[in-house]
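Take a look at these structures.
What follows is chain A paired twice: with chain B in the first complex and chain C in the second.
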Partner chain A sequence: MSILLNKDTTFIVQGITGREAVNLTKECLDYGSKVVGGVTPGRKGREVHGVPVFDTVAQAVENHGSQIDGSIVTVPPGFTKDAVIEAIAGGIKLIVVVTERIPRGDVAEMVEFADMNEARIIGPNCLGLIVPEVCKMGGIGGPAKDAAKSYKPGVVGVMSRSGGMTTEISSSLTAAGLGVSTAVSIGGDAIIGSTYAELMPYFEADEETQAIVIYSEPGGRMEAQLADWQAENNSRLPIVAFMAGKFMDDESMKGMTFGHAGTIVEGKEDSATEKIKRLESAGITVVERIDEIPDAVKERIGS
Partner chain B sequence: MIFYEYEARKIVELAGIPVTKYGFCQTPEEARKIAEEIGGPTVIKSQVLTGGRMKAGGVKFADTPDEAAQHAEDILKLEINGHMPVGVLVDPKAEVKQEYYASVVWDGTAKRPLMLFSDMGGIDIEQVAEEHPDHVGRGHISNLLPVGDYEAKQVIAATGVTGSQLNRATPILAKLARLFRENDMVLAEINPLAELTDGTFVALDAHMEMESEAEGRQKQLLRKELGIAEDDTRDSYVPSEFEKNVKEIDAADHRGVIQGKDHGFEGNLGLVIGAGGGSLTLTDAVRSQGGKPANYSEIGGNPSVAKACGLAKEVLKKDGVEKIAVMMSIVSNTRVDIVARGVIKACLELGKDPGETIAIFRIPGAWEDEGNKILDYYGVEYCDRSVSLWDAAGRAVAKIQEGAGA
Partner chain C sequence: MSAETMDSVFIDIELDEPAASDPELAKKLEEVCTVGIFKATENGTEIVQGQLDECVLCYLCEEAAPEGSLRIIKKYEA
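Now for the complex of A and B:
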C-alpha cells in the first residue's frame, strides 16, 4: 500500500504551460499517474501532452465531472498563495507546492487555509511524492524510466528535506532489496506544509510500511518535533535518520544558509550535533553515511 | 534584510507605535543640531548591525549639544565587532519608570507568528524566559484573520500587568504583530519598550529583520520610506572574489543554477558538487575522510555547459586548489553529459589535463551514458550510483593525498 496516493489518484498541474511543468507533466503521465487537467490563466483550450488546459481550477473540476484529488502547483512565487487557495477552494485535498522562494507569511497563510479545509500541503520547495510503480506526483525521481531505476515497491517510508537525496536514499534502499512504500520530498523551507511528525500517522496506518528513513539538515525544529512525536506515540515504526551539514556547526558558518532556505544555524538547537543528540535520545538510529542506511533499516526491522 | 536601529524605529513609527523624537545623522555637526532641537540631555547611539554596543562604548550620554557632537565624533570612528557605524542616532534621554519587552517571531512548528511580552524589559529575553517564566507571556496569531487587540491583551495580562499599563501596552503589541505580518518580518522586537515617568509608553530601541524572499513586494517600505538602495544587500560578511564571480556567472544565464561559497573554507580540493542536500552531504563526506574542501558549491536545475564550465573554472582558479571533485546525488533533471562537457572545458581552457585535474566524477542520472563517453575520451575517472557519495568523496580525498605524498 502507500500513503496519500494510490492507483486511482487524480490530479491537476497548476502552471502547466511553464517549461518545467510541461516536462513534469510528461514524466508523471509516463509513470502512469492520472493527470486530469492543467490550469494556466488565459490558456484555456490548449493541451499539454494531451492534458486539457483550463483558466481556473473550477473549470478543470467541472470538466473532470467529479472531485479531483490533488494538484501540483508550479507557478511563480508571487502567485503561489492564490493558486494553492484556489485549489483548496475547488475541493482539492492534496497540494504539492514545487515553487521555491515563497515568503513565509504566504506559506503560513496557505497552510492555515488548508487546515481549515482538511487539505494537506506538501512543500513548498519540494519535488513531490512517489509510490513506486503506482503513482508519481511531482518531479521526484525524474523521467519515468529513471524513476523506475531508483524506486521499487517495498517496506520503507522515506521523508526528506532534499528532493535529490530522496532519490539517492530510495535508490540505495531499492538496491538493498528493501524498496520503498512511499517517498515524500517534504521541502527545504523554514515553514513547510507537512513535517516528518505530521506525516508519521499516515505511515503508521499503512500496513506495508515497516520502517521510516529521514534525511535531515541543520535549521528549524522539525527533527525535535519528530523526536517528541516518537517519544509520545508508541510507534511500531523504527526510524533511521541521516543528518547532513555537520560542517555547518563551525562557528564561522553561523547565520549562513546552505542549500535550502531553511538550512541555517541560528540557535544552538539548530545545529547538526544537537539534532543528532535529540533524535538518538528518542530511540532513532542516526547513521553517519547514506550507504549505511539499508543495513541500519534491516537491523531495526530484524530482517 | 536586517535593519539598523534608526530604520527599525522608523518602521515602528510608521505602524503607529510611539517613539521618542530621535534623529539620525552622519556628522558631529548634525548631531549637535539635533541635540539643540531636542533641547535637553541626549543619548548618542552607534548605528551598527551588531550587538554589544553599550559595552564597546558605542552608546554615550550627553548633557549639552557640544558634548553630543563630541560623542558623535568619537562613536563615528569606533569600530564594533569589525563593523564601522553608518551613522549615529541622537535620542532624548528618557525618564524611564519601567522597561518592558515586546516582540513577534516565527514559530516554525506551529507555522504561526508568536507574540512575546515581558514586564522585565531591557535584558535578554531568553534569560528572562529561563529564570522568570511567569514574567513572559506568549500567544500565536493567525495568518488569515485580523489580529485583535484582545489577543495582545491576553499575552500582556498573562505576565500580571494590569491597570493603565495594560491598556497602554496592548495597542503597541497588537500593532507590532500587524506590522510583522504586513511587512514580512522574521523578527520584530521592541526592547526596551519604556513606560516613562509621565505614564506614556515609547519604543526606546527596536530590532527588525525582513525575510529576503519578500523584499520584492516591500519596495514601498524599503526604497521609499527607508531610502535603502537596491544594491545594499547587508551581507553578514564581505563576499569573496570567488563568491562574486560565481554569482555573476549564474546571473548571466537563466538555465540552471550554480552557487559557490568559500567563506570559512581553505583547503586544496575544489568541490563542483550539486543539489542542495547532495552538496551538504558531500562536503561532510570529504571532511570526515580527512579531505580539505576549498569551497562549497551547488549545481542544479540543468545548467548550460557555460555555467558548469564557469563554476569549475572559478573553483580551479582558487589559491591552493590542486584537483576538483565533481559529484552529485542522483539527478532528475540535470543532464550529466552537459556537466561533464562543462568541467572538461574548464580544465582545457586553463591548460590543465582533465584526467589529472578531475579527481572523480560521480553524477548518476539522465544522459549518464553520453557523459561517460566524454569522460572516457579524456581519461577522467568516473563512477555510477553503485559507488556511494561517501566512497566517491573518499576516492577524491585519497587521490589528493597520494599527490601530496609523491
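Now for the complex of A and C:
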C-alpha cells in the first residue's frame, strides 16, 4: 500500500523537452514509473527517452486511450497556471508542480481550481513523491540507482517542505531498517497545494504506514495546522517532527531567514521554540537532529 | 474601509466599521498576520497595501476579527 501513487499510476510530463524535465523523465522511467506522454506546445511528434511528445494534454490523453492519473508540471513560472488548469481540464487528478517562483496569485488560483475539480496539487517548488521500489513522480531521490539506496519499502510516511531533506530523512529511516511507505516533498513556497494536515488522512487510510515523520523549520503555519489536525482527529499515527533552525531563536540571529519562501514570515507563532511547544502539546515528538529520528520513531511505534 | 490595490495584487481586504476603528482589533490583526498586511495605529487598523501580495491565505485575520467584519476578496476566478 501507499498514498497517491501505486504501480499502475500513469502520468505525463508537461514541459518534457526542457533540460530538467528530460532528466527527471529518465529518472522516473528508470525507477519503473509509467510515463505515458509528454507535452510541449509545438513539439508534437518528438520523443524523450521513448516517451511520445504532444502539443496538448488532450492529445496525450487521446493517444493513451484512457484517463491519465497524473502530471508533472515543469513549465516556466509564467505558464504554470495555464498548464495546471489544462491538466485538470484533461481529467488529471494528481499534479506535481516542480516549478518555483510562480506568482503567488497564480498559485492561489490553481490550488482553488484543483479543489473545485477534486484534483490534488503537490508543490509548487517540490521534488514530487515516491513509493519505494514501486514508482516515483518527480526528481525526488535523484537517479534511480541513488533513489534505490535511499528509499526502501517500510512503515514510515515522510512529508517535507524541503526536497533534499525528504531524501535525507528517508535515508536515515532506511538505514535504521524502518523504511518508507510513501515520501512526499510538499514544496517550499508560501502557498502550496497539499499541506501536512491535508495529506494526513491519506496516510491514516494506508494500512502499511505506522508512523509519520515531518521536516519542520521556522516560519509558516503548517505545523500549527498539523497540531490542530492531530488534536482533533485522534490519529492512530504517531508523528515525529524534525525541527531545524532552532538557532534562529537566538537574539543574535534575529532577521535571518531560511531559503524556502514559506519560511520568510514574521509571526510570533513561527519561531522554532513556539513550534516545538505547539507540536509537543499535540503529542508530536520533536527531535532536533536527523540521527535522532529513527530511535524516536521506534519508540513511538514500540518496535 | 478598502485598501487601494495594484494590478499585481491578487486579493483585496475589506474591513468594516466599527471594527476598522477598534485599536484593540488593530493590535490583534497586526499580531496574527505573518506577512505584515495590517498596521495598528491610534485610529485603528491601517492596511499596508504594499504587503497585500504577500498574503498566504491563512485566514488568521478573518478568524481574529468579529464575524463577518473582515473579508478577503479574491481578485481571481478559479
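As a working rule, the second predicted complex is superposed on the first by the 294 of 303 C-alpha atoms of A that agree within 3 Å, B and C clash if a C-alpha of one lies under 4 Å from a C-alpha of the other, contacts with A are read in each partner's own complex, and residues count from 1 in each chain.
Here is the rule we go by: a contact is a pair of C-beta atoms (placed from the backbone, for glycine too) under 8 Å apart; a residue touches a chain by one contact, two chains touch by 3 or more.
No experiment lies behind these values; they were computed from the predicted model shown.
Superposition of the two complexes onto chain A shows a clash between chain B and chain C. When the two structures are aligned on the shared chain, A:Gly105 is found in touch with chain B and with chain C. Shared-chain residue A:Arg221: touches chain B and chain C both. In the superposed model, A:Gly65 lies in contact with neither chain B nor chain C.
Shared-chain residue A:Phe113: touches chain B and chain C both.
Contacts of A:Ala190 after superposition on the shared chain: both chain B and chain C are touched. The larger set of touched chain A residues comes from B, when the choice is between chain B and chain C. Looking at the shared chain after the overlay, A:Gly42 reaches neither chain B nor chain C.
Of the two partner chains placed by the overlay, neither chain B nor chain C lies in contact with A:Gly302. For chain B, the stretch among 42-50, 60-68, 78-86 or 204-212 that collides with chain C in the superposed model is 204-212. Once both structures are placed on chain A, chain A residues 103-105, 108-109, 112-113, 116, 190-191, 220-221, 262 are touched by chain B and, in the other complex, by chain C. Across the complex, chain A meets chain C through its residues 103-105, 108-110, 112-113, 115-116, 190-191, 219-221, 262, 265-270.
Residues 106, 108-109, 111-113, 142-144, 181, 184, 186, 211, 213-214, 216-217, 236, 261, 263-264, 274-281, 283-285, 287-288, 296, 298, 300, 328-333, 365-366, 385-386, 388-391 of chain B are the ones that touch chain A when the two sit in their complex.
Residues 8-11, 31-36, 53-58, 60, 74-78 of chain C are the ones that touch chain A when the two sit in their complex.
Contacts from chain A toward chain B in the complex involve residues 20, 23, 77-78, 101-105, 107-109, 111-113, 116, 127, 139-143, 146, 150, 160-165, 167-168, 171-172, 175, 188, 190-191, 195, 215, 217, 220-222, 225, 242, 244-248, 250, 252-253, 255-256, 258-263, 288-291.
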